[in-house]
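Chain IDs A, B and C follow the sequence of writing; residue 1 opens each chain.
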Amino acid sequence: MNIDKGTIREPGAAASGSGDSENGPQPGRKGGSGSPIEFRLDAASGVPTYLQLVHQVEHALRLGYLTLGDQLPKVRDVVAALAINPNTVLKAYKELETKGLTAGRPGQGTFIQATLSQVALPELAGLRKALLGWLAAADAAGLDQDGMVALFTSALQDFLNRRGGSAARRGTAGGGTEGVA
Amino acid sequence: MSMNVIEADGLGKRYGGTWALRDCSLAVPAGHVAALVGPNGAGKTTLLNLAAGLAAPSAGGVTVLDGRPAGSVAALDGIAFVAQDTPLYKNLPARDMLHLTRNLNRRFDQQYAEIRLGELGIPLKRKAGKLSGGQQAQLALTLALARRPRLLVPDEPVAMLDPVARHDFMASVLTAMAADGVSVVLSSHVLAELERVADYLILLSRGRVQLAGEVDDLLASHRMLTGPAAEADQYAERLSVVHARRGQAQAHLLVRTTSDDPAPPGWEAHPVGLEELALAYLREPGAAALPGPARGRNNQQTEVTK
Amino acid sequence: MTAMTVPADPKEDTSLRSVPWQRMGWVTWRQHRASLAGVAVFLGALAVALWLAGRQLHSAHTAAIAACHPASSLACPGMVIAFDGTNGFLANGFILQAVPVLIGAFAGAPVLARELETGTFRYAWTQGFGRWRWTLAKLVPLGVVLAAAAGAFSLLLNWYYQPYFDAGNQAVSLTELTPFSPGLFDLRGIGFAAWTLAAFAIGALAGMLIRRVVPAIVATLAAYVALAFAAGGWLRPAYMTPAVTSNLNVPGSAWILSQWWTKGGKFAFAGWPSQSLLNRFCPTGPPGPVGPGGKPKAVSLAGCLTPHGYTQWTSYQPASRFWSFQWIEGGWLLALSALLIAATVWLVRRRAA
């Protein structure tokens, strides 16, 4: 998948425009942060918290919940809603910035500055169905979970190599399936 | 430039003949949520009492907020301590608790406190004793945060609270950190929430510090090796094994490693989660991983970690 | 990883003055207003009762004086008996002795004991004010207020008991009390206020040592009683060297400490003579009318012994020394209170959790 570095729209409709900065002695506000998305946390998933946030942003980008120029939820609002460490949110936002997906504006927030190619929801459903079919076939052939994962990973590698995909896409830490963002 | 919110050097506290805390040396950096974890009776409250100036050390010393002696005027000014059971004057209404706290401190943000209590739905006129447990905890937290401290020290703040109250309380603490840069040192014996909340861990067991460090560093420097039980012993010699679990054929070794060496042949290496790490150390009271010179007082190997 | 560091604020740190003392004024008032109100109500009710009783006493006294002006008038003995019988339960002052210790114990012990018992010291002593200053800023004003209230009340006490010490009493053979009477000495003058302050200080220290309200109150009561007995029994007689006289007519207002008899310059016996001596010199039985306590008046005993060369000596404190003694006792009570409060503050400073 490629990153489209399109022109950045004015942070208009989606920006919260509430005027208050990230810092400052204010009691936490309840309710929406003005960002199009809200984060959720799956504490039992075993995936590190910051990675969950990163994936949710990427997933939202893919599905079209987030577009160029949209603002990500303010750190304070994420912390207030999920009761997680602010440094974790910062770490996730930094990761997104390193990937080139977002840019932080001091005093204003973090904004999307690039998108992943969007796949429409019906297309996704179709892809998923095809994948399930493949998995059923692999299972019938006698492959176990690790075997399926190994097969998929090597095929993906081949595909990327053939496509001349740049090494700009870093794999994330952890197991094999995490390698594709 | 970062400062240490708590620095302890050989800190110890004795009650009668028993040492509640011993040989405690710490340097907790600012800007973190440091979780003080350990079983009941491990010395968590003792350590926090020493840092808050409520108790005087029997050995060693402790300074807070970059060198201020614990219990001094300068220290009291910058630390807001919320004791276990969130003590409040039960017969005073919330409004008088605000007034009281305002009079007893140099800094107090009355407006912030009133707005916060309003948002939380805590009536100002009601006596503190008539509030629910969660509301009392939130009131105590409000009083603490309205003092605009540098360091917030809640001692097992959520022990008595129901899940919703607990979530709201922690959300408030963490929001204060996000909004005002307050550092937090809290004690907890609920391991499951740690990964979400803490980025600095201090593990206490039987009055001694077993582990202290940034969570990321700790997780990066430990690994779970899984392999044949028969080989476990030979590797236990060579590697710094914190905790071993053996089945008939298979063994899991939690090892401490400073390098990214691959697992020995025939073994698999997995990263460790925070809860698993903490539990393993707590099950091995003799194991310790402290920054700084190794003090040879354990049975197991003590290795110098970064 | 980006950590959220706290920006240093040099302006804030350099001028770390303590929180000003007067802020504690509201704190002390708010936390102890119920206690102070209780004391006020208690003393107020007592004052009303005492005033009503005092009017009775004063009018009985005036009536007795008037009736006894010709000392042998017929109405006189009846009036004297009426006066002696008025408010008999207050006459020796023992009941009112309980007032200072009740005030001191119930107002003083909870100051620290309740904080320690309920755990609120973990809040109070981690605030910016600092714990030993907090303690001092509570104990001193409370002590002063209680002493002042007690002092005001003792004006009423002085007024109440004045008839017993009126100069004209002896002439009309009304009861003449010594101002050093154990139940009365510290109700009058400045003694009442001083003992109230001391009780408060004992209560405060007990509260800090015992850390539980009810046991601290009990301990305060016990310690106070012990101190009061020690003061009345051993200390007070020795404030000034007692006067010694062989004059048999020691005034009734004097505080007789001891009496003994000598013969020919040598000590014979103290107190009551042995039976053999009595048989030799007072063969007709216990001579003369009996005095207080059923013992024969010494004057009468002297009647049979003096002609045989015995001299009675009396060691006593004259009534004129009343105010000197008040200042002495008030002085050491004040010093003791200051010491106890200082000890309490020192304890708070040294150890807490």
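The rule we apply is simple: contacts are C-beta pairs under 8 Å (C-beta built on N, C-alpha and C of every residue); 3 or more make two chains touch, one makes a residue touch a chain.
This is a predicted model, so every value here is computed, not measured.
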item: Chain located farthest away, centre of subunit A as origin (C-alpha); value: C
item: Identifier of the chain whose CA centre is least distant from the whole-structure CA centre; value: B
item: Computed distance of Cα centres, subunit C from subunit A, in Å; value: 81
item: Separation of mean Cα positions, subunit B and subunit A [Å, integer]; value: 31
item: Approximate Å spacing (C-alpha centroids) for the pair subunit B, subunit C; value: 55
item: Overlap residues in subunit A, where contacts from two or more other chains coincide; value: 86-87
item: Overlap residues in subunit B, where contacts from two or more other chains coincide; value: 31-32, 177-178, 181, 199
item: For subunit C, residues that touch 2 or more chains besides their own; value: 1, 3-4
item: Partner subunit B, residues of subunit A touching it in the complex; value: 22-28, 30, 41, 43, 46, 48-49, 75-76, 79-89, 174
item: Contact footprint of subunit B on subunit C as seen in their complex; value: 1, 3-8, 13, 16-19, 23-24, 26-27, 30-31, 118-130, 134, 350-353
item: Contacting residues of subunit B [partner subunit C, same complex]; value: 1-3, 29-32, 49, 52-56, 73-74, 76-77, 79-81, 83, 85, 87-90, 92, 96, 99-101, 103-107, 140, 147, 150, 177-178, 181-183, 199, 214, 216
item: Touch list for subunit B against partner subunit A, complex; value: 31-33, 109, 112, 115-116, 119, 148, 167-168, 170-172, 174-175, 177-181, 192, 195-199, 271, 273
